[in-house]
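Following are the structures in question.
In what comes next, subunit A is part of two complexes: it sits with subunit B in the first one and with subunit C in the second one.
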Partner chain A sequence: MDHVQIAEKVDEAAVFAWLKTYISNVLGMDQASIKGSDGLDSLGLDSALTTALAMDLETWLGVEIPLAILFEAETLDNIAAGVAREAERQHVTAG
Partner chain B sequence: MKTEQPDYGGSMAAVQYHYDVSRDFYRLWLDESLTYSSALWEGEDDTLAAAQQRKIDHHLREARAEKAESLLDVGCGWGALVRKASSYSGLKRIVGLTLSEDQADNVRSFGIPQIEVRLESWTQHKPDRPYDSIISVGAFEHFAKPEDSRQVKIETYRDFFATCASWLTPGGRMSLQTFVYGTMRNEEASQFINEEIFPAADLPRLDEIAAAADGVMEVTYLVNHRLHYARTYDAWARNLRRRRDEAVKLVGETVTERYERYLKQTSIGFYTGKIGLLRISLRPTDRPVSELSRM
Partner chain C sequence: MLNRGDQIAHQMFQEVQLPGQPRQKVIDSPHLHKMQRMHFFLFDVLPILGTACAIVLLFFHPITSLDLTLFLVFWALSGLGISIGYHRLFTHRSFKASAPVRAALGIFGSMAGQGGVISWTAMHRRHHELGDQEGDLHSPNLHGSGLKGKLKGFVHAHFTWMVAHPYPNVVHYAPDLLKDRVMIWVNRHYYTWIVLGLLIPTAIGGLVSQSWMGALTGFLWGGMVRMFVVEQGIFALNSLCHLIGRRRFVTDDQSTNISWLAPFIFGESWHHNHHAFPGSASFGLAWYRIDPGYWVIRLLALFGQAWDIKVPTKEQIERREIRSA
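After this line comes the complex of A and B, so read on.
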């Protein structure tokens, strides 16, 4: 996937900021109104928007993010933590 | 074309639309057995190929294939299940039904003498002898059409159960696996999936299956393995993404993109419970006690 820009050093805060920007764009919401305790479902993302989010998130990170990480977590905070952990794990594995 | 069969049982044009895209394309993202239905996962480190074989073993066990001499697979796909069944030495007659020419060709290419593949739907099938085991994985969801009322759907499913029951020998068993609507209401059923991926199909609901089986077949086991299918679809999505360049060469950018989106979105549907995945074991009812006591 040579068209992918691999994000350097992605931590939980960076993933959360990305999620916040992304969701505020697709739902036309004020960023400030999106909180770490919100969930994808409670914010009103349907399956089509969640699909797009998952695919764009992978493109941004340059690593595969199993959907289980998005759905085992109930809140954006937990999603950000899980995604950051997975990205770190794959970067380490890749050497 | 003159037809004396009911017009349900799966539309050949619709099935070919979905499955005849290109075997090489599916080969890029399915496991090597080309199993295109939910796997049965065990543990974090499981592989797709192992989980698919475990699923096949589940159905063979539930249909009691080990003790069977004959087995019918309604909707045999590219033949992974009938192929595995052919390793059971007691099974002398294995029949697979499919509506896809390409799938039938693949099964024939195995060259396994006890396997017979037929390009026909269950509504057209006229077996001359009964079967000891019937398995159907991923076919049931193609039987009803979007315009069918709940009553028509139930009648269609009931005809399927009654037909299968009539084909089973005393003590015969059936194992079924199908998508179902879960928490999704009919009116929010994904237009994307219905129109672009599985045209001319409407998913069953658990209550319709229960109503259809009532008095015809007894449900002896039933589980909603939606998280197994969520994981399977996501595994396929990730396989396709890894081999994206090859996919684009085979089917073009548009189709590749459509499948990427469909695989991810369907996985999400299973994760959220909008759709479910039922594995159901059944046995015919209305059997004399004298027959049942011999089982």
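After this line comes the complex of A and C, so read on.
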């Protein structure tokens, strides 16, 4: 997974791009077919895969992501927004 | 010191790596622990209660040959699904199989109620990666020394580790399975397969005997009791087969062979052989050792449904044997 770089500062768009690349790599599907309105479930990610995604997302961002953000969100857009917010919040508290 | 099988597994773990920080391989989360507790109660505790009911019922209503048949058939199907499918094929890739066979093995394995095939595979690969070292999800040997430590270890490895445990990163441990559309589909419908595994013996029991009592005993013997028996067998691998029994090879873990258990768990209890040669489809490593799982793989091969069956040569086996000085 050569695309993944350690994040400096991330916004919603950066998180969404990461999600798209990650999911297409893991499930071997076409990146262009993944839309912001897709849900994890409809893409084929069950709780096992969602948990793995959370772990790798945490490694990428260097912050802890509550699993609830991923499990409760309806769409990739929602996830990107929630994750970006959480990363921002933790960076503010840390720095 | 890694043997060849371990090297292959090791390579597989390294395949998908992130640059920069080391990847997070397991996670502990309250959300997951809640799901694990629920799963533990439904599919590990309930079958014990169901088995107790079945035994009490025997005093009022003798077991029928239909109940026994349902028990044997569903015990064999779900047990072979775990041993041949989950374990020898999906986790260790010790042979190749056609898509229908992969799907069938995955579905029968799911009926055993031991987790979805992707989770099971990830957890078991981690067990081989860390065998009896810190991080092994179910080692009986990390709970202190002496009889008390061993007893505590036994209870943990056999049963209570499942109540709440670190959950492995499946993208790290099972990237190969995630690319297999058939297995993604089987995995997604895990709970459906469990329910079918309980419903089918219930329906057959009721229809064949034309009675509600037959449906109940079909459910108990073909569902609950067989689930209990398959589970206790697999749990014994985690507990007994890392505690008592014989060792023959040099391995980094404390795995053992328990020959008398082999007929009851499809040959799985040649567990030490398996840790020494994880990539081998045969656990017995010789024709005269009882290994029904391997025999069925050979049978599948006879019909062209399994191929590339990996077994170490005599020389490879001898090279690994413990030499007494």
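Assume the second predicted complex is superposed on the first by the 89 of 95 C-alpha atoms of A that agree within 3 Å, B and C clash if a C-alpha of one lies under 4 Å from a C-alpha of the other, contacts with A are read in each partner's own complex, and residues count from 1 in each chain.
Heads up, the rule we're going with is that a contact is a pair of C-beta atoms (placed from the backbone, for glycine too) under 8 Å apart; a residue touches a chain by one contact, two chains touch by 3 or more.
Predicted, not measured: the structure shown is a model, and the values here were computed from it.
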Superposition on subunit A - do subunit B and subunit C clash or fit: clash
Subunit B versus subunit C as contact partner of A:G44, first or second or both or neither: second
Subunit B versus subunit C as contact partner of A:E58, first or second or both or neither: both
Residues of subunit A touched, compared between subunit B and subunit C (which is higher): C
Touched partner set for A:G28, first subunit B, second subunit C, both or neither: second
First, second, both or neither for A:I69, with subunit B first and subunit C second: neither
Residues of subunit A that lie at the interface with subunit B and also at the interface with subunit C: 1, 47-48, 51-52, 54-55, 58, 67-68, 71
Parts of subunit C lying in touch with subunit A, wherever the complex brings them together: 16-25, 27, 29, 31-32, 35, 116, 118-119, 122, 167, 169-172, 175, 178-179, 184, 187-188
Subunit B to subunit A touching residues, read off their complex: 190, 192, 230-231, 234, 237-238, 241-242, 244, 260-261, 264-265, 267-269, 271-272, 274
Residues of subunit A defined as touching subunit C within the complex: 1-2, 4-6, 26-28, 44, 46-49, 51-56, 58-60, 62, 67-68, 71
Subunit A residues touching subunit B - in the complex, by the definition given at the top: 1, 41, 47-48, 50-52, 54-55, 58, 64, 66-68, 70-71
